[in-house]
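Here come two complexes built around chain A, the first alongside chain B, the second alongside chain C.
On to the complex of A and B.
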């Protein structure tokens, strides 16, 4: 039988095994976050002071790497893109949620993933942040009856950039690569200026 | 040498160049397989030979009665024919709209048409588009009428047979049909009095995707 991804959707493994797979991938993710220095809030917030844009560069590199990988796997017929799960778009709540997450990132110094990596290395601020995530999640659940309207507002269904922009898939891929390279160049200029100021 | 300029590049610049080249090549990528396909003819012939490409009307009736929700029943006839009569739980996707239908490649799909030819053509189209578990209803709607709606039973059946017949009578009545005796009109001729079954109460309560995989983050 030919192998086609997503493996889970084609029933290669079931619900229980998928938890194990997720666990292993999660461990790997956390390991590399820590190795990149992202277990430290100082490193993470440096991007907001424009002194160290490593987070921006790492995230954009991850996006480009994954995007190219997925594109080529689909092109070779090894991955069925129509079966890859897409979180349905809800414009208003997701823009608002993004802003809340951004503010929380600046104030707390972590995003959810990095806070757990930080907690795993024994940092106290990571623990506080993770407890905050837990409290926020529970609070959201209790307030959900009030927030329901906002939560389901402005639905657009599962939406991809090629659909939204009416552009061929490959054109969007190329545009994102160009955007990333321009972003990396801009980041290097900003970092050079910051180190001149310090020096 | 032409490689001199490359060796002068930093690691970052080399990676950027690689990303740019891969991104540029991706401009020509077809990620949906396109409309031109390759078929494994031998594999398909094997499936047909082993009769793994269809379900019988009685099997399908069992699935519907068992409220199975792990497959999709697709009526590939026109929407007017569908409106006239369709097998309970069936969705209408006329053959012409199959290429754009919202069917997922990991779903089990059962196709049917009047006699079966359109369904078999649709079967081949879906196989060609990479659908793995596609089946047709053997004999199509005509066989559905023969076997499920208006079955003919022998008058002098053995006691064993009687039990089976009793069950089939029940199935026939469930779908709004009527068992016939041998000398009545052939099933195809009673097409005009096809039953309208409202299975809203019986089947509609079952969620469409019984085994819907949990997903999201």
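On to the complex of A and C.
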């Protein structure tokens, strides 16, 4: 079979149609976020009090599902993985930004995507959180002249774990699956302990 | 014990306007929800050649708002200018903006089907509504700042980059969990 994916990159449809695709994909994204309970701040932050590890379970199941799908389609020659956009790695801002974002997650209760799911289901705290993201974005934009050094620091280009670790792609995929399965088992033990403690 | 799809409907705690517990039907099993989310992400890769996102929609919206208030300011800002472009297209006519409108619609649909849509402020029993909303705003600011510094959030970096085995995204993901666990103890007042 001839390689034809990603469809957009192969010119199967144009920019206008891509916005409709965006809307449809967003519906699926929002639907499963809400189904998982991720419109609820208390459900989300329970991850950080080790009483309900749904965030970890959902996230890693999603990562493994999409990773296996991409790997299989690329291996079959149906998907050109080099045409799938990879955000270039910049170690320092990604690690620092991740730390700040993690703090914001447990202080405010959401992340950007889940705040939209929360306000869609009527949470006023989700709406206020989204306004906070807007304020943080304005702050970042106007502090950008001071931050640009950090923003562009430690570039490593588009970089995958297999390239970084000098391992075959399939080996890393297999390792991630094993890690996820071990994590799911660990999560079940942690939740069992938490429910015993809470009675 | 993991929640299942077909658990009996729990009685609704309706003691006051601020509902503090889960209402409506129980959530989907996390592994099934994860598979659903993963297939949506896979569809984005196959159809568009890109992953999911959310913080980029906030950038586009802020760029549009700043541009409306003060075009010189927006055009002169190195971070916002790319979202405005050359003026040939509207800043909100962006892929992530349409995707996030979809997120809103999809979450609303799921919430309505499960009887989970209602006006609430979600919080623990020990915090006032004002305290919770103040913390939500502060947390949102940190999130907005951190997500732009990191070039993406839990959707664009952790989920999307995680599935593509993006090295920086994995470093980012570990940092998010580290940052959250590091301060969780001092945020108990809000949640527990």
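Note that the second predicted complex is superposed on the first by the 196 of 199 C-alpha atoms of A that agree within 3 Å, B and C clash if a C-alpha of one lies under 4 Å from a C-alpha of the other, contacts with A are read in each partner's own complex, and residues count from 1 in each chain.
Note that a contact is a pair of C-beta atoms (placed from the backbone, for glycine too) under 8 Å apart; a residue touches a chain by one contact, two chains touch by 3 or more.
Model, not experiment: these values are computed from the prediction.
When the shared chain is aligned, chain B and chain C each come close enough to touch A:83. Touched residues of chain A, counted separately for chain B and chain C, are more numerous for C.
Using the contact criterion defined above for the overlaid structures, shared-chain residue A:17 touches neither chain B nor chain C, since it reaches no partner. Once chain A of one complex is fitted onto chain A of the other, the partner contacts of A:179 are absent, as it touches neither chain B nor chain C. Contacts of A:169 after superposition on the shared chain: both chain B and chain C are touched.
Of the two partner chains placed around the shared chain by superposition, chain C is the only one that A:63 touches, whereas chain B remains out of contact.
When the shared chain is aligned, no partner comes close enough to touch A:189: not chain B, not chain C. In the superposition on chain A, contact is made by A:136 with chain C only, not with chain B.
Common to the chain B and chain C interfaces on chain A are residues 8-9, 64, 83, 85, 87, 169, 173, 176, 184.
Against chain A, in their complex, chain C makes its touches with residues 1-2, 20-22, 27-28, 30-31, 33-52, 54-55, 57-59, 61-63, 65-66, 77-80, 93, 95-111, 114, 116-124, 132-133, 135-184, 187-188, 190-192.
By the touch rule above, chain A contacts chain B in their complex via residues 4, 8-11, 15, 64, 68, 71-72, 74-75, 77, 80-83, 85, 87, 168-171, 173-174, 176-178, 180-181, 184.
Interface of chain B with chain A (complex): residues 12, 16, 19-20, 22-24, 26-33, 104-106, 130, 132, 213-217.
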